[in-house]
Amino acid sequence: MSTSSRRRLRPDRIKELSLFGLIALSVVVFGSVVEGYLSGRFFNRVTTSVVVVVILAVAQSLVIVSRNIDLSVGSIVGVSAYLTADFLQSNAGANPVLAVVIAMAVGAALGAFNGAIVAYGGVPAIIVTLGTLALFRTLVSLYSGGANVTADVLPDWVIELNASTLVSAGGFDLRTTFLVAIGVVVVFQWVLARMRWGRRLYAIGSNPDAAAQAGIPARRLILLSYIGTGSLAGLAGFMFMVRVGTISATAGSGLELESVAAAVVGGVSILGGAGTILGAFLGALLIDTLRLSLVRVPQVSEFWRDAVLGILVLLAVIADSLLSRRLSGRVVDVSAVESATSSTATAVKGAADA
Amino acid sequence: MRSWIRSHRWESLLALILIATIVGNTIMAPVYLGVGNIVNLFWLSIEKIIVAVAMAFVIINGEIDLSVASVMGFSAAVLATLHENAVVPFGIAIIIALVVAALAGLIQGLAVTKLGIPSLVVTLAGLIGFRGAARVLLEDGSVGDFPEWFDRLGQRTLVGPLPFGLILFLVLLALGWFVLERTAFGRKVYVTGNNPAVAKYSGINVEWLKLRLLVMSAVVAGVAGILFAARLGSVRGSLAEFYELDIITMVLLGGVSIFGGSGSMLGVALAMFTVLNIRNGMGLANVDGIIQTGVVGTLLIGSALVPNVIQRFRVRFPTVGRYEPDAAEP
Amino acid sequence: MTSKRVWIKRLAFLSVVAMLVAACGGSDNDTTTTAAQDSPATTAATETTAATETTAATETTAATETTAATETTAAATGVVTISPAESIPTTFLPKCTNIPVFPQANDGAVEAAGELGSEEAAFVGPADCGDATGQIDFMANAVTQGVAAIMVSNNAGDELAPSAQAAADAGIPVVSWDSPIPSAEGESVFIAQVDFDETGTVMADMALEILGEDGGQFAVLSATPEAANQNAWIAAMEEVLAGPDYADLDLVDTVYGNDVAEDSLNQALALVDSYPDLELIMAPTTVGIVAAAQALTQEGLCDEVKVSGLGLPDEMREYTLSGCAPQFALWSFQDLGYLAYYVAYGLATGQIEAVEGQSFVAGRMGEYTIEADPTRDAGLRVLMGPFSVYDETNVGG
Amino acid sequence: MGELVPVLEMEDISKRFGATRALQDVALQLYPGEVHALVGENGAGKSTLIKIVTGIHSPDTGKMLMAGGEYSPRDPAEAQRQGVAAIYQEPSIFPDLSVAENIFIGHQGRGVLVDHRQMEREAVEVLARLDIELDPALPAGLLSVAGQQAVEIAKAMSLDAKVLIMDEPTAALSAHEVSRLFRQVERLKELGVALLFISHRLGEVFEISDRVSVFRDGHHISTRPTAEVTEESLIREMVGRDPADFFVRNPHPQGEVVLAVSDLGRRGVFDGISFEVRSGEVLGMAGLVGAGRTDVALALFGIAPAESGSIVIDGAEVVISSPRDALRNGIAYLSEDRRRLGLSLPQSITTNVTLATLPRYTSGLGVVDRAAERRDTAAIRERLGILAASLDTPVELLSGGNQQKTMLGRWLNAEPRVLILDEPTRGIDVGAKAEVHRFIDELARAGMAIIMISSDLPEVLAMSDRIAVMREGSLRGIRDRVDADQESVMALAVGVG
C-alpha cells in the first residue's frame, strides 16, 4: 500500500476529473454539430446563466455532506430576491453592498429556522425543508399580494451589474457575477477541505454516532451549516434579482431540484460524508452547459429538449459512477472489505515482525 | 388501547388532527358534510393518493421514486397518441400505455439494482426524461374525444355516489395495507428498508425485491395517469406535472421514515385524509391556494416536531427498554 | 336558503307589477333602446320578467328552464341595462393569483360588484400558473358552495370542460374571460378581451412598424407550449403574415419561456445567438416580453434586436422609453374583470340570457352584444376590445 | 502501586433508569500505569459505569475525583478534555475521513485551520509510538477492525489521555491481533496511562490485567490483584453460581459425510479449499481475521459465490449462487456481525426468527400464517431460553446474548443439514456463552454438521472434533482435536515453524 499511489486515486479527484472530462466532451460534440457554438458569446451565456445554480449547488452541498438536505433553497431565493428588490424599490439610493447584506441576512434567517428545527427539533431534514419549501413560498406570495417588483423601479446598477465585465478577451468576458460565483466555490472548497468545522461536517455526515463520541458539537455545526446554506441561497436570490430584474412571487421556484441535481451529479454523496464543492460546481456547469447547448441544436425540437436532457444527465451519472468505480477499484462488498482487511492485517504483521 | 397508542404515537396524533379538521370544517362550512362534497374531496386528488399508496412501499423499502408524476404524464401521453392516430383499439391502447409505464419503471429499477446508482439520482433523471418524452409525444397539442365509456369512467359515479377512481383507490389502499402488514412480501419490504444486508444474509433477494417495487410504483403511476386522463377528458404533455412533491409529502406526513424500514399504511391513509380534508375545508372557506400549500407545509413540520418537543419534556419517563442500561451492549 | 326564498317572493311580486307596466308601456322599437337608458321602469320590467323565470329555472328543474329560454327571447331583442338586483355570492377564478394581471382583473370585478350592490366575488385560485389543472378543485368547491356564478380564466384546455359542465348542470352560469374553454362545454359565454384574429393583426402590424418596409427576420417567444390563447394568437398572426403587405417579414422560429423569467431570458438570448440576422423578438406574454427586454438591455443588444408583443405598461415603461421595446400592446385587465362581473351578474340574476343577439349595457363600459364566437367552433362571446397599443408617447412616466 | 495516588476515583456512584437499578454505591480507584479489568455478565452495570465515566450519563448520587480534583463531565467532549478516552468493540471511526483526520478530529483548540500535511506527519509519529505502520492519508473505512482500533488508541494517545477505557476491544480481533493489541497496551502502561479493560474472555483478563473488579446486578462485588484470583473464583463471583459445565463436549458417534468441498476458489480471496464435514461433527475453523475463513463461509452460503471447485451435499454436487440456493440445499450461515448483518433490530423476535423461513408460513397468496410462526418462535424461544418481555419485543431491546440466541434461532428454525457459525459467542457474557456451547453440542448430537469459525482459540479447541486452519486464503491443515493445542494451531495460522 504505497501512500503516493493511493493519493493519486483519491475518489474525489477522480470524480472531479471525470466530470471535467464529460463537460469537455459535450463542448466538443456540440461544437462539431452547431456552427458558431464555440464562441465567446456562448461562453458568456453559460457563465451568466449558471451563476445562480452554482451558488445554490454550493449551498446544497454544505448541508448534504453532513447527511442533511435543504429543499427550501428555491423558496429562500424567492423570498430574499423579492424582499431585496422591494427594499431597493423604496430606497433607490441604497448601495449595492447593503443590498447584498440584506439578501444574505434574509437567507440566513430562513436558514436558521430550518437549521434550528433540524438540529434541535430532531426532525429529518427532508421533512423540515419540504415543509418550508411551501411555507416560505406562501410568505412571499402573501407579502407580494401578487404584485411584481419591476426592473424600472430598481436602481440602474442592478441592471448593469449583470453585464459588467472585469476582463474581456476575444468576446470571452469574465463577468462580475460569475467571478462572485467562482469566489464562493473557491472559498467553500477551502472551508470544507481546510477548515476544522468543514472537516467536522464531513465527520458528522460520515458517522454521526462517532461524531458524538468524539465530542463534536453536531447540533451547533448543523445549525451553522444551515445558516450558511441560507445565506448563500440569499446571495443566489440577489444574483437572481440582478439577472431577472422583474421579480414575481414565484421567483426561483424549482431551483431546489436543480441544486440537488447539480450536487449529486457532482459526486456529493447523498448519504453524507463524501464529495467536494468543486465537484458540485462541475456538476452544475455540466447540467447547464447541456441545457443551453441543446437550445442551440436546431435538430432538437422544443419538445425533445427535456427528454434529451434527462437522458444525458442519466448517462452522465452512469458513466461517472462506472468510471470512478473502475478507477478507485473499490466496490463496497463484503469480500472487498475482507481483502482490504487481510492486506492491512499482513501489513500490521509485517510491522510486528520488524 | 393505551399500549396501541404508545406503539402508534404518530397514527394517534394524525387521528387527532384529522378529527379536529373535520370538526373545524363542519363548523366553518355547512355544505362540507354532504356526501357529494366528501366524495368530491377524494375524487379531486384521487390520482395523487393512488400513487401515494405505491410510494409508501418504495420509501419504506428505503428507496424513493421522484419520477412518478412524469410517468403519469408519459403513460397518459402514450394512450392519447395511440388514440389520436387510431392505431389500435382503445382497450389495447390502455394496455400498451401501462406496459410502457412498466418499462419506464424497469429501466429505473435496473439502473438502481444493477448499476447501484441511488434511486434518488436515477428517478431525478427519470423525472426530467419521462416528462420530456410526454412532451415529445403531444408537443403543444391536447388530445381528447376519448370513448364515451372512458370519460364516464373518470367523470361519472359508478356505484352509488362513488366514481370508479375512488373505488379503485379504496381497493388499492386495503390491498396495500394487507400486503404490507400480512404478507411475506410486506415483511421483506420492511426488513430490507431497515437493513438490506440483514435481508440479504437471510436469503432475501434484495435486488429482485427493489426491482419489483420500482416497476410496481411506475405501473400504479401509469394507472393513475390514465385515470387522470379520463377525469380531465383530454391529455396534454404537462399532465400531473409537479405532483411528486404532494405525493411524497403525504407519505412522509404518514410517518414513513425517509430512511426506510418504518411507517404504516394506516398512517399514510390518515395523512391523506387529513391533507385532503384541510385543503377541502379551506377551499370551501375561500382560502387561496397558496395559503393552503403553506398550511400543509406547516402541518408537515409541526406533526414531526411536536412529538419530539413533548418527548423532550418527559425524558424523565423514557420508553421502557430504550434506556435499559446494557440493552445496547453487544 | 331562507334569504333566497325571501327574494323569490319579492321578485314574484315585482314581476306582477312589471307585467302591468309593460302592458301599458307598449313595444315601440326605436324608443326601446333610448327607453332602456332613461326609463328605469321598462328596464325593470324586462329585467325582472327574465329574472323570475330563470331563477325559477335554477331553483327548480331544466324543464322550466327551456320555457324560460323561449319566453326570454323577447327580452333578448331589447337592450338590457344590467342594474342592481340583489347581492349574490360569486367566484372569480384566475389562472393563478400571483401574476399581476389577475389582481388587476379582480379590481375590475370588485368595482363592478360595488356598482351593482353585490358582495365581492371570492378571488381564489391555484398557487402558481404552472399548475394547469389546479383550477378544477376551485370550480368543484364553488359548485359545492352553491355560488350564483363563476368567472374563470381557463388555464388549461378542455380539461376544465367536465367541471364547467358540472357547474352548468347545477344551474350555475360559467363566464370565461381572458382565456375560454375551447369546446365551450359548460361555458355560458366568453368575455374576449380582444378578437384573437385582431391580436394576430396587431402583432403583425407592430412587427411591420418596427422592422420597417424592407422587413427582416423575427422570432416569437411564447409562454408554455400548452398555453391555449398564446397558440391561438400566434396562429392568427401567421395567417396575417401570409398576406402580401407582410411578405418581407420572416418569422424564423417560435420558442417557449414557460412564463418563467429565467427560461425566457435564456431563450431570448439563444434566439439572438442562433439567428445572427434577427431583428425582433415578438413575445405575446407579459412575462416573456419583460424577460426578453431585460436580457437584450443587459447584453446591450437593443440596437440590433428590438422587443415587442403583449406587455404591461408598468413593467415595460423603462424599455419603451429606452427604445428597446418601441411598441407593445395590451388591453385593460381591469375592464375585462369589470365586464366579466357585469355579464355574470346579469346571467345570475336573470336580467340577461346567454343567447346570441342578447344586448346589454354594462355600467361605464356601455353596450355590448352576445355573439357567436368566430374563433371557436362552438360557444358565445362578448368582444370587449379595443387593443391599446403603447409607445413612448402614451406609456407614461 | 499502593503509595501511588489514584488518577480517577469513584465514590458510591449510583444510577437508576426508571425501575432498573443500573449501579449501586460503586467505589473504584484507577491508578496510573495499571490495567484494571472489569468483568461481569451483561446487565451487571459495566456499560453504565463506562457511560458515567465518559460523561454520557451523569450519576444520580456519588462523586468522581480526577487526580484529586472534582470530576463531573457533562459530555464525552469534556471527558476527553479532562483526559478520559474510550474505545469500543465496534470502533467509532469516520470511514470517509483519513486516518490522520480520525486521530485529530476531536481535538479542541488546534485553531480553525487544518494543515493536512502537518497533521499526517503528527499522525505517523503518534502511530509510531504504538509501533503501528499505517498510511495516514488512507480513508479509515478501508482498515480492518484491528487497524481501526489502532487508530482509536492513537486518537486517545494524541489526546494524551490519563484514563483509557477499552470496552470489549478484543471481541472482533484474531488471536494474533489480540497479542498486538496487548503489546500496545503495554506501551500505554509504560506511558503511565490507567487502563480500564472490559472483556468476556477471562484468559485475556489474566494475561493483561494487574487488578480485576467483578460486577454483578449493578453491585461492585470485589476488587483484587489478578494474581490472587482464579478463573473459577471469578466466574463464581460473576454469575453468582457455580460454573458447573463450561466447554463440555463428550465425543459421540459421527454419521455420513454431509458436506464435501473440493478445490473451492474465488479469485484474490481464497483457493484450493477442500474439506468435508460429517453429520454430528463440529469442524472448527481457526486463523487470523482476513485469512479467508469468512469468505469460504460466504461462498458456501452464496453471498459471494465460489468461482471454481465443487460443493457436494449428501453425495450430490450442487451449485450455490445465492443464499436461496444455500438454504434450499440445507446450508445455513450465522453471521459474525449481529448488528450489521444479522438482525433487523427494530423488528420483533418473531419476525427475525422466521425471516429465513417465511415461505414455510405463507399460503399461495403470500399471506403469513401468524399463528404458525408464533407457535414455532415460541418453541425456539423455549428451546434456546431467549429472555424477553414477549415475542413482539424489538430485538434492539434484547441483551447481546439474547440477540445472539435469536439469530441462532432463525437458523435452527430453518432446520439445516449444515450450520456454519461465524464467531458464535463474540461479545456475549459467560453465562450465555456456556449456553450457546451446550447448544452447539446438542445440535451435533442431533446429527447436524457444524462448521464453527472462531478467533477464540480455547473455544475452538474445546468445541471442535477437528480443526481446520486457514492462512492468507488457503487451508494450511486440518488437525484432530486430540492432537491439537493452542501452540500448534497458532503456528499454522501465523505461518511460523
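Order of writing sets the chain letters: A, B, C and D. Residues in each chain are counted from 1.
Going forward, a residue touches a chain if its C-beta (ideal position, glycine included) is under 8 Å from a C-beta of that chain, and two chains touch if they have at least 3 such contacts.
Just so it is clear, the structure is predicted and the values come from calculations on it, not from any experiment.
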item	value
Neighbouring chains common to subunit A and subunit C, by label	B
Central chain (distance from its CA mean to the mean of all protein CA atoms)	B
Chain at maximum distance from subunit B, centres defined as averaged CA atoms	D
Subunit A and subunit D: spacing of chain centres that average the CA atoms, whole Å	43
Distance between chain centroids, defined by C-alpha means - subunit A, subunit B (Å)	29
Intercentroid distance (Cα basis), subunit D paired with subunit C, Å	77
Overlap residues in subunit C, where contacts from two or more other chains coincide	97-98, 127-128, 130, 225
Shared-contact residues (touching 2 or more other chains) in subunit D	303
Touching two or more other chains - residues of subunit B	135, 139-140, 237, 290, 293
Chain pairs that touch, as defined at the top of this document	A-B, A-C, A-D, B-C, B-D
Residue numbers on subunit D that touch subunit A, as the complex places them	75-81, 86, 92-97, 101, 105-106, 108, 110-114, 116, 131-135, 137-138, 142-147, 150, 174, 176-177, 180, 183, 266, 268-269, 288-292, 294-295, 298, 303-304, 472-473, 494
Partner subunit B, residues of subunit A touching it in the complex	117, 121-124, 126-128, 130-135, 137-139, 141-142, 249, 257, 260-261, 264-265, 270-271, 301-311, 313-314, 317-318, 321-322
Parts of subunit C lying in touch with subunit A, wherever the complex brings them together	97-100, 102-103, 127-130, 225, 255-256, 260-262, 265-267, 269-270, 273-274, 276, 287, 290-291, 294, 297-300, 314-315, 317-319, 397
Interface residues, subunit B side, partner subunit A - complex	111, 115-118, 120-122, 124-133, 135-136, 139-140, 237, 245, 248-249, 252, 257-259, 290-291, 293-294, 296-301, 304-305, 308-309
Sites on subunit D touched by subunit B in the complex	15, 17-18, 20, 22, 42-48, 89-90, 168, 171, 218, 301, 303, 322-324, 326-327, 333, 335, 338-347, 351, 355-356, 358-359, 361-362, 365-368, 370, 389, 393, 396-400, 403, 410, 426-427
